[in-house]
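First the structure, then my questions, so here it is.
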C-alpha cells in the first residue's frame, strides 16, 4: 500500500462524509440525523445491496465456484467466533466474551458496501454472489456466541439445568432478525426477478441512489462513532488491541482462504473485508435479547468506534495492497 | 388467464416484496419499517402518481372520451357504496355497513399503482387521465357512506333531529382529506406544468423512483396485512366472502362499463382494478372521524388483509385475462 | 418584469407546490408531512446544494473574481444586520431587534435553491462558488445579532458585568450549527472530490433528486407558512412593512454590489436573492439558544410567512427583471 | 411549589385538533406526546401506521384543582364518542 | 371518577412484545410511548439509533388496586433480567 | 416497593444537552420522551417542525425525596430562562 492508494481512499465522498461526521461530534456541532432516519438509511442499504446482488446472481448463476465461496464463507463465520471466544475469555466473563466473539464472527454490511463503492470507483469487477456470502456470514456467529454463553451458564450452575432456554428464539434472532431477513429476502427477490421485465424499473431506486445514501449513512456513522469514543476508556487496552488486531488476523486468514479457492481480485477483497469486519447492527440486535447480561458499551463500541473506522479508513486500501501482492491485480 | 400469466405477475419485484412482507410476519421476524416511513412512502406514491398522471394529461388534453371516462368513474363511485350498503345491512348495523360500503366504493391508490407497474413491465400503454379517474373515485363513496349512516341514526332517533351534524366537516373529510388533497393537487400541478420547462427536472424523483418506492411500500403492506390476518376470525364468514366476491362483481361491472365507453386494454384494466379495489388509507382516515362507531378492525382488515392481496396477487392477471377476452389485447 | 415572466415563475412545479401547501392549510385539509420528514428534506437540500456547489467549485477553481465575490458576501452579511438593528430599535426591545436583524442579515438556503431551480428551468448559467458565498453569509449575522443583544444587556445592567457570557458557545451556535456545518461540510467534500472518480456515483442522489425534493419541501413550507399567517396580527404593521421593504432594499444594495464586482446575470440574481432572503432555519436554531428572550413568533413568522413567500413568488422574477436592466441578460 | 392537578388524556390522534381547541378555549396550557400506541376496549391502535389515524396521542394539562371540573366536563363527551382514557392525579409544580 | 393505580414501565424496546403479551394475558388495556431514551445503571440508551434496539419504551397501565400485585409479579422478572424502571402512583380515572 | 419522587420536566429540545449534563452531575438516572409539542405562556411549540428546535422534550427523573431540593435548585434557573414546566409527584418504585 502506498500513500497514493491511502489518499485515494481518503479522498472519496463516502470516507470524507464519515470524517465529516466524526468532526461534527468532535467540534460539538449539533448536527444529527433525526431518528428514525439512520434506521431508514440502513434498511435501504440492506435492500439495495441484497437486490443488486440478487440480480447479479441471476445473471451469473450458481456454479461450483460460487458454492465453494459460500462454503468457505460459512466456515469462516463459524470458526472466527469460536477461536476469538477463547482469546476473550482470558480477560472477560463468558457473557461478554460470547457477545464480542459473535460481533467479530459476524459481518458489517456497511463496511462491505463501502468496499463495493471503493471497487466501483476504481472500476474493479466483483461478483453478485459475494452478497450471498455476506448474507450467509451474518447469522452463524450469533448462534455460536449464544451456545458458548449457554454452556458457560450451565457449567456455572453446576451442570444443573438452568431456566428453560428457548432455542427457537435464538434461531429466530439469528436468522430472522430484521436486517438479516431484509438482506436475504431482497437477495432472493433480485435473484428470482433479475432476468425478467419489471426488475429494471427498480434500478433508479435500488442501483443509482445507493452511493448517495451510503454517504449520508456514513455521515451518521461518523457522528455516532465519535460519540462512542468516550466509552473506549471503559473498554481498556486489551479490548482496544483486540479491536484492531483480530480484524487484521481475520483479514489474513480470509486472504489465505481466498487464494486457496481461487477468488479474483475484487471478490477476494470483499471476502477479506467480510472476515475483518465486525457487526454493529445485526449482532447487537440479537445479543440484546439473547445475552442481555453482556454489556453493549463494550461490544457495540469496539465494532463501531474502532473496527469500523479502522476498516474503512485504513483497512480497505491495506487489504487491497495485500490482495494485489498475494492474488495479483 | 393461464399459469404463465399468473406466474408472470407473481414473479415481479413488487409482488415478491409483498409476499416477503407477509412471510416476515408469519415467521415472526422483527422486520418492520419504522414509523413514519410507511406514511412517507404513501405520501410519495400519491405525489408521484398524481404528478405523473397530470403530466400525461397535459400532453393528451381533455377530450370527450376523457370526459366520458371520468363521468363513468364518478357513477361507479356512487353506485357501488349504494348497492353494497343494502347487502351489508342484512348482517350488520348501519354504522359498520356504511363504513364498509364506503371502503369498497372508494379505491386503493396502491392497488392502482401496482397495476400500472404491471402494465409498465408488460409494455402496455395506458392514459394519464386514468389517474384523474382514480382521484375522482376516492371521495364520493365517503359521502354516500356518511349519508346512509346519518339517515339510519335519524330513523333510530324516531325522526327527531339528533345532535347537529357538521356536513361541512364531512365534505372536508371526503374531499380535503390529506391523501385526496395531495393526489388531486399533484395531478393539477402536473397538468399545469406538464408542457413547460421545469417539470422535466422533477422526473428523476417523480418518475424514476416510484417502482422502487412501491416495492418497499408493498413490503410494509405485506407485514401489516399479515398482522391483520388474526382479525379475520372476528370478521366472520359473511364478511370474508364479501371481501372476495364484491370485488369480482365490481370488476365485472367495471369491465362492462369499460366496454361500453370503448376503453383500450390498458385503461380498461385500470378502470376494472379501480372498481375492484377497496380503500384502506383515505376512507379509514375519514371514517375514523365521521363514523367513529364503526369498527376499523372490520373495514380496514377486510380491505387490507383480504381484498388488497387478492387484487394484486390474483386479481390483476385475472382481470387482464377478462379484459383480453372482452375488449381484446 | 412583465406578466409573462411573473406567470412563468408561478407556473413552475416548486412554486405551485408551495401554493398547494398554502391552500391545504387555508381550506383546512389535514395534509401534513409527518415529523421528522421536513427536517430530513431540509438536511437533504443542504447536503445537495453544498455537494453540487463544491463539485462546481472543483471544476472552476478559486480565482480573484471568486475571492471578490466571497468578500462582498461577507461584507453584506455583516452590514445588513448592523443597519437593520438600528431601524428595528425604533420600535422594539434589544433582544427582538437583534434576533430580527440576524434573521435578515443571514440567508435562506431554500430561497437560494428555489432560485437555482428557476435558473435551471430557464437555462441560465451560474457559478458553483455562489454556494460558497451562501455558506459564508449564514453565520456572521448571528454573531452580529448576539453582540448587539449583549451590549444592550450590559448597558441595561449599568455597565456592570452581567452573568458570565459564553462567547465560545455563540461561535459554536453560529458556525457549527447543524445546518451550517452540513452545508459547509458538503461543500468541502464536493470541492475535494469533484475531480476524482467516486463523486460521479453520488450524482443520481445529489444532483438529480433535488428538484423533486425541493417541490415536496416547498409543499411543507406552504403548509407551515399559512399556519403562521395568524401570527402576523401580533407582529403589527411596522414589522409587516419591514418584512417586505427591507428585502427590497437589500436586493437593491446587493444588485449594486453585484454590478460593482462584475457578476454575470445568473450569479448576480443569486447574490441579490441571498441579500433579500431571511433565515428561518439556521438563525432560529441559534437564537433559540443565544437570545431566548426574543420572541420566535416574531422573527420566524416574518421570515417564513412574509419574506419567504414574497421572495419566491414575486421576488425572483422581479429581481431578474432588475438584473436584466442593470447588468444585462 | 404550587399544588396542581395533572390531567392526562389519551385519545385517537385525529381527535387532537378538536381537543386542542377545547382546551385552548378554557385558557389552559398543555403538552402533547405523539405516536402513542395502545390497546383498549375498542381494540389495538397503532400497530400498522399507514395513515397515522390509528395512533393515539397523550395530552397533558397541569391545572388548578378548581379548574378541573370544567375541563372534565368538556373532555368527557369526546371520550364517550371515540374512546380513550383520562387520568387525574396530584402534583406540585416548581414555580419559576 | 374511579380510583386507579397508574403503572409506568420503562423497558428496552426489544422487550415490548414480551411485555405486551404478558399484560394482555392479564386482561389489561395499556398505552405505549415510543422512542424513549435514557440513562440507567446499565448505561446510556438511545444515543445512537442505528437499529432502534437501544431505545426504551414506556408502557402505561391504569388498573384497579387489587390487580396491581399480580401485574407487578409478572413484570418484575423482566425488569430483573434486562433492567428498567416501574413506577406506581395513584390516579383518578374519568368515567365515560 | 420504594417511595420516590417522580419529577417531570418539560423544556425546549435545544435545552436537553444542558439539562442532561446537570442531572448527570447530580448522579441521577433519567428517561427522555422526545417530540413533545405544546402551548405555554411563550406561545405554541412544535407546530412546524422545520428544524426541531421548536419542539419540547419531557425528561423524567425518579429520585429519593431528600434528593429533590438539590435537583429543583438546579433546574429552576433553566426554567426561568427558557420557560417550561416541572411537575413533582409521589410514586412507588418496584424493586428488582
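Some notes on this structure:
Letters A, B, C, D, E and F mark the chains in the order given here, with residues in each chain numbered from 1 onward.
By definition in this document, a residue touches a chain if its C-beta (ideal position, glycine included) is under 8 Å from a C-beta of that chain, and two chains touch if they have at least 3 such contacts.
On a predicted model such as this, the values are computed, not experimentally measured, just so you know.
Steps from chain E to chain F, minimised over paths through touching chains, total 1.
Farthest from chain E, judged by the mean position of CA atoms in each chain, is C.
Each chain gets a centre from the mean of its Cα atoms; for chain C and chain E, those two points are 45 Å apart. Our note on geometry: chain C versus chain D, Cα centroid distance of 38 Å, whole angstroms. Inter-chain centre distance (chain D to chain E, centres taken as mean C-alpha positions): 19 Å.
In chain C, the residues that reach two or more other chains under the touch definition are 30, 34-36, 39, 179, 204, 209, 285.
Within chain E, the positions touching two or more other chains are listed as 14, 33-35, 52, 89-90. Here chain D touches chain E in the complex through residues 10, 33, 35-41, 46, 56, 58, 72, 75-76, 79-80, 84-90, going by the rule given at the top.
Chain A meets chain C in the complex at residues 8, 11-14, 16-17, 20, 23-24, 27-35, 37, 117, 120-123, 204, 208-209, 211-213, 215-216.
Within the complex formed with chain E, the chain F residues making contact are 1, 4, 6, 20, 24, 29-35, 62, 89-94, 96. Looking at the complex, you find that chain C touches chain A at residues 36, 39-40, 43, 47, 51, 172, 176-179, 181-182, 185-186, 188-189, 192-193, 196-199, 201-202, 204-206, 209, 285.
Put simply, chain D touches chain B in their complex at residues 12, 14, 35, 42-44, 47-55, 81-82.
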